[in-house]
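Look at the two complexes coming up: subunit A is in both, with subunit B in one and subunit C in the other.
Now for the complex of A and B:
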């Protein structure tokens, strides 16, 4: 069953590791080439030069650059991300707290988008050229061209300000006693319902655009698939049109969509920066923005490092997934 | 007092924290037309013992009439950055921490006098020796928020712990203390100082007082993450931190009637507009936001009672229309300014800088762009800190005395500068040095105090002639400025470069920038504007000092002139490029004080170590006026602070004080109460 050899996998892992080391080096160089230092946020105007030097010493910034680099490489590989000068907590605490929130929101968006997009793409690709195809395709393209924050504002205005139906900020009710009465205690079910209620608007905003990407891929691939021999064969066997479309055509067309979804996970943080800010959603996107704006180098470094690692891991998973989804693809086997 | 951020958008936050309490009790006098000024100035002459209130006072009647209970909900436009009092300098953190932190001395939010708090009285001796001894008595009968007694042991532990750990935030405060020990005379505690610090009563006596029983097992202060680990204990008016979600919200329960004796002190009782006997509310809730727009919307929707900051020009109409919300008027605790690089020709010349100041159209800025919500600027400390302003020391009207208008916009007709007049001013070579006279058609009465500019002659010769610069040719200008016979591009290798923020961060300021640079161009000065993001600007200006002129938007200033002046205008904090260019971030990028032609180092240094507050305030006021004449900065505005608060349901807001909704917001937490 295995279509990927152990040797290939080992090579792939080594290359990925080296890629991560290169990315770490680039991160270090980029952040250290920025003017100034993050200790400026801790300086007070009446500090003497000697006191500033002591502050640098406390943060290891007086060490030679090569030593700072070695420390950084070693620490990161042992999972030590240091301390955030801006938030005054270990960087890992920030990531640990914020990452799950982003994963919940964008995970839900990814799942919703990849449920709707391929389904719509399948129908449009199958019925390509029809009036319905053209109108939905055009509508999708228009949605795809709109900035996500603009859609988000529009939905906030409509569903939150005008209709007062959905909350437009936070991940859950902040002071539940005010809403549900004194002595209120959260139960698991209520907490889940509350989170879903708060997720509705950002999820809606993101999905309004998010489904289009997978729809476009699916539509194109479906059109190619409909002309394949095995589809003609399925039809010739007398199978229903619906069965041919779903079981024979769509199943094969899903391969690029599925692998695209895997890499799409790595870009979750990318989209989070804008949307989390619009919805006051305390996730990784906000953390990136805050740490960059406040010269919080340790946090910035760690977040971008995690993003890089996530991307590299997703690429490996994508390769492996290819071999399972498409029997024609084999990695690392001797050519016969 | 701890360093505070501003709430003028993210660009202004975290950068210029000049409320580090290393200053003296400046006496702020309420401005004309504003309530809140205290006429009964009772300055505390340093070097003498302060009025003694050794015993904890009984609650006074006043507080008994005030309704108790209720919850005030406050918005913060950013989440707090940790709740460790030794490491965080975020104002958003201190909005919560302030409930748990009382200090040895307190700053009167109305007068900025240093007043008793956890220390009942204090004195300083041996000032002449250069190594003064500070003594104080610790107030009895106080308890920490967890109910444990507070005493001398906690005080000694706090000093020694902070001196040992050296947290960056308090480094400059503990550095001059050589020893903190139990006094061997009638006083409780003795601080041995290595050098005199003029503002000792508001710096060395305002270190955080840590509960020994909670901190003695903490090997490194950074390990402590109060709030995160569920515990936050201090000496303030809070009962406990009942909720803390570091990214979204917090709730602080306040102590009950009589449980916090420090609001029953005589100085609070003596105030007309401070309530003794507080806190009066049950709970203060905080909601944290990522954007000011969302926060403002929540205020209008009724989800907030107030927020940290003040209303911006773009939001003020909406807030005014809301019947639930009232606007608490206050004074600015910061300034809006431009700064010149005194290392570069012709910015090294007082005459050139003054001419540029006269091209700034303050009417366009204050009335058209800011809709009269700002005052025209002058000195480098805002009117909220009136006691150290020159007008106070010359018995002149704050902000309106003609001596504060030396660089008014010189116009021929509304909005059109007096180009010929300013050209003549440059060609004639007579700067405003403090002597009375008429300059470009406007009378200047002379300096308010006995001060004059660093030089009374210009450094360069100015003339106007044929236009050579492309910038001016493109604009159809008929004359170009020549400095010592050369155009500015011939001297600098390029036109004057004006560093500014991206327009979207401050559209009004960008319009004002455009107006000013156009005025310079029409005068004959080739100018180009270069947009820089905030972080890039910080590097260019503070690390490399690579600029001609820049603006930093709005900056928070310390109530204590000495630390502001030393930080911003002393040569110790300037990179002297004549010897070596370093990338150290120093707060005086202009280089004021580095050169003979602009500086006031001697007076600024003397003021720092002057322990008599009256003399010190006078020296600060003189320095302010000298800096105004030398013009390394052009201060172009002070905000007329409008702090929105739910005045329908709550009362007790302090009108007329400096920064009521930001630096002084905490004072409201023990004053505000439900409407009767």
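Now for the complex of A and C:
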């Protein structure tokens, strides 16, 4: 299956790169259109004018605007995100540690959400108008409209306080020596199990809202697809209802689900930022809140940028996925 | 010998209001190796009848009464020699009658699924969109073969699929194409090929040429005829176009408002129509034999089928309607006997030439007047004519 040509891929990559450049420019504009200078948040009342001047010099704010823009663009593309005034380390060091954690939580939820959502949507669309359809659909809508932190609290209350099944905080057991005895050492297996165990509740909370988006699309498309002539023909051929539903109806309904997936993915990423803070999960979402509260502009900016890049990457994956699903798309020949 | 026999079939669609009476007491037969054509304007219940054979009605449709008898039974109801087992015929729990015919409307969903495509295949009305866009055309034919003959190896099924495509004039390699790479006529012919995949006894083709241009229509009809010769299948062709039917069918049934108005051999129905509706329908299509000057449409539109009035279904639009037409819908009368002066010999079974009309006593006069343009222009009320 060489369905995807190098040309198509190159095209997608160039478009993605341009998107990232636009995002960077927007970030730059945003930063410079904020009232005052972010230096103000670092200065104390007893600083002399000379000291403030030095601070400005240090942060490059005395350069002409175009030079600042060019520097910014070049630096960002080389992973040079500057210095965090709050943590007093290079911003990249923070990102480097936090990003994989967010990718784990967000990636895992995206996978579970996009497994559960289309599956449930398939059945609901197939059973359209029945009681089962209406009750699950309504339940999904309620979950979708509840604030994500609220669902997280609900789960913490249920699974952590009431049932005492799952931990409600952090990514690892803190102070394991206190829990497991003084001579305790982590082995790789145990560390992994510990992380998964801590991941369970955030994952569950995030999935609870993350599955609904793809379910809604799948359900609607399934309803349309069920009316299609090829579904009638599949039935006339003597296929079982199950085969008609999965092989003929759902397979086609997946195409629009894949085309619109990025909206659901962004929704999950958005939820992940909130959920991380509810669970004190030390990822990018947690970092965003800390850096905003501490007026750490370089870090805030870099986190926003990395989350945007994450979405752009997801977008590329989505494009590849739906071109595989729909044979009517001509690869690399024209963009529709 | 009938392969398929409709007996007093009445079909309803549930709606929010009263049920739609999409078919009412329909009787006709499709003989072995023959082509039966169902003709009539859009909305008169042809597709409904076609779908009902395989229990493929829309979710809100149901058979209210009547039977569809099919001259075969499920494999496990037969003896080793292929005869129907006596206890199956005698036991009332099996939907099989004395002459060994099986009622398709009485099969459960698993059993009818085995009849679909294996015994009877159906080419749906808009078969242009009936190929699944995400699977290769050949694979879709293979799928049909493998459902009903799971013991057939994959590569053998693929060979058969390619053979079938070749027979309808599509190159073998095109089996690897997707539907969007096919033209409209090719898609239609691919479905015809698919219909033959399991060597069925019968093929139902719903509007096989509608929405195709004339040249492509001919090629599709050729494909149908060739398949029919080769596989010796019976066919039920459904069309609103009586001139297409004249070329293709052995017998014709003319439907109006859920009722069968006339049936007979194609020659009888086309050359000596015995029902005013058939005459009107003929005027509205170019015939093969005589080149008509102008096409005359029947004024008015087909009736909605909820709560029909107690009168001939066609009375509202019929130029020959009189008071006798107003009490009840006419039963089927023997048109042959009518030409001998006996205009009220009832004939419910599908033999000879039949017509549902109270005025067969003036049949000759109706035929003459039906050819005149003025006849179809008058909009007088029936009682004053």
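In the analysis below, the second predicted complex is superposed on the first by the 276 of 336 C-alpha atoms of A that agree within 3 Å, B and C clash if a C-alpha of one lies under 4 Å from a C-alpha of the other, contacts with A are read in each partner's own complex, and residues count from 1 in each chain.
In this section, contacts are C-beta pairs under 8 Å (C-beta built on N, C-alpha and C of every residue); 3 or more make two chains touch, one makes a residue touch a chain.
Since we're looking at a predicted model, the values are computed, not measured.
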Discussion item. If we overlay the two complexes on their shared chain A, which of subunit B and subunit C does A:97 touch? Say first, second, both or neither.
Written reply: first
Discussion item. Just to be sure I read the superposition right, which of the two partners does A:109 touch: subunit B = first, subunit C = second, or both, or neither?
Written reply: neither
Discussion item. Which partner chains sit in contact with A:235 here, subunit B, subunit C, both or neither? Use first/second/both/neither.
Written reply: second
Worksheet item: Looking at the overlay, what does A:252 touch: subunit B (first), subunit C (second), both, or neither?
Response: second
Fill in: Partner touching more residues of subunit A, whether subunit B or subunit C
B
Practice prompt. Could you tell me if A:55 is touching subunit B, subunit C, both of them or neither one (first, second, both, neither)?
Written response: first
Worksheet item: Regarding the shared-chain residue A:174, is it in contact with subunit B (first), subunit C (second), both, or neither?
Response: first
Item to complete: Could you tell me if A:86 is touching subunit B, subunit C, both of them or neither one (first, second, both, neither)?
Response: first
Discussion item. I'd like to know which partner A:299 touches here: subunit B for first, subunit C for second, both or neither.
Written reply: neither
Fill in: Footprint of subunit B on subunit A - complex, ascending
34-37, 39-49, 51-52, 54-55, 58, 83, 86-89, 93, 97-98, 161, 168-171, 174-175, 276-277, 280-282, 286, 290, 293-295
Worksheet item: Quick one: in the complex, what on subunit B touches subunit A?
Response: 3, 10, 14-18, 20, 22, 73, 78-79, 81-82, 84, 87-90, 93, 166, 168-169, 171-172, 175, 222, 225, 228, 243, 245-249, 251, 285, 287, 289-291, 294, 297, 534-536, 538-540, 542-544, 558, 563-564, 566-568, 572-573, 583-585, 587
Item to complete: Can you check the complex and tell me which residues of subunit A touch subunit C?
Response: 228-230, 232-240, 248, 251-252, 255, 325-328
Discussion item. Going by the contact rule set out above, which residues of subunit C touch subunit A in the complex?
Written reply: 54, 56, 113-118, 121-122, 124, 126-134, 143-144, 147-148, 178, 180, 191, 194
